[in-house]
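Next up: some structures, all given as structure tokens.
Each of the next two complexes has chain A plus one other chain: chain B in the first, chain C in the second.
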Partner chain A sequence: MKLRKYIALAVSQIKVDMAYAAWYWASMFSVTMRLFILYFFWQAVYENKTEVSGIALSTMLTYAVLATMLDQFRGSAGRELAHLIKHGGVAIELLRPYHLLDKLLAQDLGAKTSTFFRATLPLLVIAMLFIGVDPPTSIEAASAFAVSVVLAVLLATLIDLLVGVLSFYTVNVWGLSVLQEAVITIMSGALVPLTLFPDWFQTISLYLPFASLVYVPVAIYTGEITASGIWPSILIQLGWVAAFFIFVRLLFAYAVRKVTVFGG
Partner chain B sequence: MSQLAIEVKGLVKQYKIMERDAGLKGAIKALFTRKYRIKEAVKGIDLSIMPGERVGYIGFNGAGKSTTIKMLAGVLRPDAGSVHVYGVDPHEERVKNARQIGAVFGQRTQLFWDIPVRESFDLLREIYEVPRDEFQETVTWFIERLQLDPLLDVPVRQLSLGQKMRCELAAAFLHRPRVVYLDEPTIGLDIDIKETIRAFIREISDAWGTTVILTTHDMQDIEEVCDRVIVLDEGRIIYDDRIETLKQTFNNERTLEITLDEGSTFTLPPAVTGLVMRLETEEETIQLAFNHHEISSGQLIREIVNCNQVKDLSVVVPKMEALIRNLYKTGVSA
Partner chain C sequence: MKRYAKLYWLYAKNHFKVMMEYRMDFLIGVLSVFGQQFAALFFLSIVFRHIESLNGWGFYEILFIYGIAFLGRAIHHIFFDNLWTIGWQYIRTGNLDRILMRPVNPLFQIVAERVQQDGFGQLLIGGSVLWLASNELGMVWSVMDIFVLLVMVLASGMIYIAVNLFFATFSFWMIDSLPVVFAVFSLSDFARYPMTIYSKVIMFVLTYIIPFGFTAFYPAMYFFEGRGFTLFALATPFVAALSLVLAYRFWLFGLRAFASTGS
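Presenting the complex of A and B:
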């Protein structure tokens, strides 16, 4: 695989993102608002308590801030693919000397890189100044957090791509993608830590890939997943990434053989 | 043995079309039971195209042109038959094939919507792994021939149709492909830009020996760019020959256009019955088709003028367009 062309695609995506200033400020504003809503929500919950399910307010706020940040990295590769399929642009893409999934992945990682520098970092500063974010519990937790975040971001893109590939079969994946959004928001732990849910729910999410998206990395950071649990959790993440990577490719290869390209 | 640029044998493509009854009732019924109808878009095509040939691939809408091109490009998988482009099976070795072909698909852009033209080209250079100095040489040449200079820093989405099509064409040839598919590259463009585009295709193809497959509804494109014509009708090839041969076949066809004095009616002289055919037309004039060999223009005019009160008349030598229309009617087989 020639990496150069994929890097060029990623860089080009970063440039494209730079071009949309209005959209950038709008999304910065909406995430800032979401941060403050979370802040006041948890303040209210902790009104007469020092902890909820064994979690202190400062830990909960740290979790909420990091989860919100990570939730921004859900990715749009699948939506892009669905759009290409629905509007026939996929025909042009298939004429190019690259693997379409790799191209979308490269563009998505480019987009996420620009999101990180342009949105995540400044928002993190805002959060630290006005809400308060605890430092990581240990150096080991901090480095494991970094690894875990990368895996989570990759997994998010792959899950998104899976939904995109399905539009080869259904043409309109809008319903599916709404469902995907909802399931991920709840089951990834983007709203509240999974430990706040009932036991049966936690058991189910143990066997599903969604916890790897947000809960695992953030819980590693806050120390909810303790030292002994860190590496097994990361291995599970790695397993999900590998599984989705292979599955999406197979499904794509199969779809391209079967499919009718629309239009013309 | 010289290698063929494109070799196609017994190519077939079928589409499954979902059928449903009209109206809400039909829509609801379709949720539970699905009926499919098989439509055969391409019904067994054979093609041998030499390197450097410029082929006009024409036919009515729905004749199967785009379907064939998509199979040649590797985007669609044939249901039967084989395709080889310089020895490569386009669908099985899609990426390998992608390196040696270029394409313009009429309405769809292959440039990158959000970034300026120059950066689109740079990105294509990376994607096709074109060496930098070769790329520089090509781009400089294209910029001059297609007058791209003022467009280079404009984002693609802000280009007009004519500007965009010139950039599309440049993009399709940037990596010096061996085969280029052009699906209606001149649709909706004004005469000047059409001329520029035709001249560009000719020049590049001559310089690099690029094989060009061109589909269009504009016969002028075919006449000025191509040296071979393939006519497709309902999924079958009904004509495949040099463009000169096509012209010679119908060389003797003429049309006489007659305008009569007001109030008078047309009488066909008995002497010419059977030699001319009155064409149905929506225009005011009376149009008679005849073969120059069977009756000379002079003789026909003399007969007509003798029997009618003629105000004006003219003899028309048919253009490419008429030749093709004639082909569909008579169905001269290859």
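Presenting the complex of A and C:
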């Protein structure tokens, strides 16, 4: 009789552990399905063609796979921050001896590193087996790709934090973050290489940070951005990272002042 | 029945009061759904700048399929969004016990406790896409066709609801089955494109196991001439009804299992 409650506790712990595992498998499954949809979609697109806008099928599939992977690295730091703000935890966080934004950034990068090994690598293997991923065009492209990916991930987290800070001002953070996701999905090149877009759109995206999130690193890998274009592109990425880093901090400082005024 | 209608009205009124308090958030919500759908359409239109047809399907034919999917999804999104939250908002928190105490169908209460206003954006965009596509395709609508369209859209919504309910029911055993629901729902994205582009296995799964094929592609085939699949198109309402009955039975089974452990 006494044992029963302890058995119940053990079972409940199993359920908690299972919940985490379930999320992992669910997202793996979901991304794999997305990859399959992309595969069949692009196969159908190339049914009677050898190239679309100068891009061959295998390059397009490589692009689609890498872009989908990179797209998984959109942050959760903003949501975390929004949660802290909404539930008041931010007040305690502000008292602690670190900068809250830096803490969230560090945690987020840690989470993404773990995602990379736990999810991205296995998914890449799946993609290589079933869809086909071209090798990088050159050693230079491969190393530049690595640098560019790190910058892209940093920038994604910073943009996410910016949206998180905005939740000082609105309650519907969910809506805001979905809006942000939609904009990024369209403008970052997560769906198709930006070179397929109309010219005016490409011109606009030159002046926006979103291309740096997905298009730049992946296009470096597939060789769409050629050797001479690599370093300027990475410099632009670097510029956006710096700009967002400073901007988020300023906005945060301003918002925090406002909160204190309200006696929070 | 009348009592339930009245109850739902009371719930909804309550909800709209809250909504009017946060008008800005309502706008953001609708906009966000807009953006989400727009991304999908944008992707398609960009690709179609470079090709004439996808596996024999034209741009507006695919738009038409999209439109039906959006509308069905909107019904699910607006009125049955709370099905997503059964695990973490009702079972984990013990809220379900509160609901079981009342002399009203528990599923009704869960569903009625939320009207997801964001879905209206979906309704709007689905309607416009459908209208645009049918215009471009030169479709002529008789009264009968419009009636069939309504039935099809309703059936599409019912399938989304049934699938959601069926997999949310697993929460009775695993506390929160949201990951499972999420994973299964990622299959619904397949349904946005003509199913002929997929392999036989995928078509089979989406037709006979998780019937997402009936949320968009098959019902759309009723309105296209000479594309085949007529039998599947006509089966749509029946598939929807069957799915819903199965899902509801499973829910009742889960509820009994839950109540009898007394947890």
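By definition in this document, the second predicted complex is superposed on the first by the 238 of 264 C-alpha atoms of A that agree within 3 Å, B and C clash if a C-alpha of one lies under 4 Å from a C-alpha of the other, contacts with A are read in each partner's own complex, and residues count from 1 in each chain.
We adopt the following convention: contacts are C-beta pairs under 8 Å (C-beta built on N, C-alpha and C of every residue); 3 or more make two chains touch, one makes a residue touch a chain.
Quick caveat: nothing in here was measured; it's all calculated off a predicted structure.
Q: Applying the document's definition of touch, where does A:Lys5 land relative to chain B and chain C: first, second, both, or neither?
A: After superposition on chain A, A:Lys5 lies in contact with chain B alone.
Q: Answer with first, second, both or neither: which of chain B and chain C does A:Leu251 touch in the superposed model?
A: neither
Q: Check the residue A:Ile92 against both partner chains and state whether it touches chain B (first), chain C (second), both, or neither.
A: first
Q: After superposition on the shared chain, which partner residues are touched by A:Leu124: those of chain B (first), chain C (second), both, or neither?
A: Touch partners of A:Leu124: none, neither chain B nor chain C.
Q: By residue count, is chain A touched more by chain B or by chain C?
A: Comparing touch counts on chain A for chain B and chain C gives C.
Q: Does the superposition put A:Met18 against chain B (first), chain C (second), both, or neither?
A: Once the two structures are laid over each other on A, A:Met18 reaches chain C alone.
Q: If I apply the document's touch criterion, which positions on chain A are contacted by chain B in one structure and by chain C in the other?
A: On chain A, the residues that contact chain B in one structure and chain C in the other are 15, 19.
Q: Could you please specify the touching residues of chain C with respect to chain A in the complex?
A: These residues of chain C touch chain A: 22, 24-26, 28-29, 31-36, 38-39, 42-43, 46-47, 49-51, 54-55, 118, 174-177, 179-180, 182-183, 186-187, 189-190, 193, 197-199, 202.
Q: So in the complex, which bits of chain A are touching chain B?
A: Answer in residue numbers: 2, 4-5, 8-9, 12, 15-16, 19, 88-89, 91-92, 94-99, 257, 260-261, 264.
Q: With touch defined as at the start, can you tell me which chain B residues reach chain A in the complex?
A: Residues of chain B touching chain A: 15-16, 66, 70, 73-77, 94-96, 98-99, 101, 103, 105-106, 108-110, 112, 114-115, 119, 122-123, 126-129, 155, 183.
Q: Spell out the residues on chain A that touch chain C in their complex, using ranges where they run on.
A: 15, 18-19, 22-23, 25-27, 29-30, 33-34, 36-37, 40-41, 43-45, 47, 49, 52-53, 170-172, 174-176, 178-179, 181-183, 185-186, 191-192, 196-198
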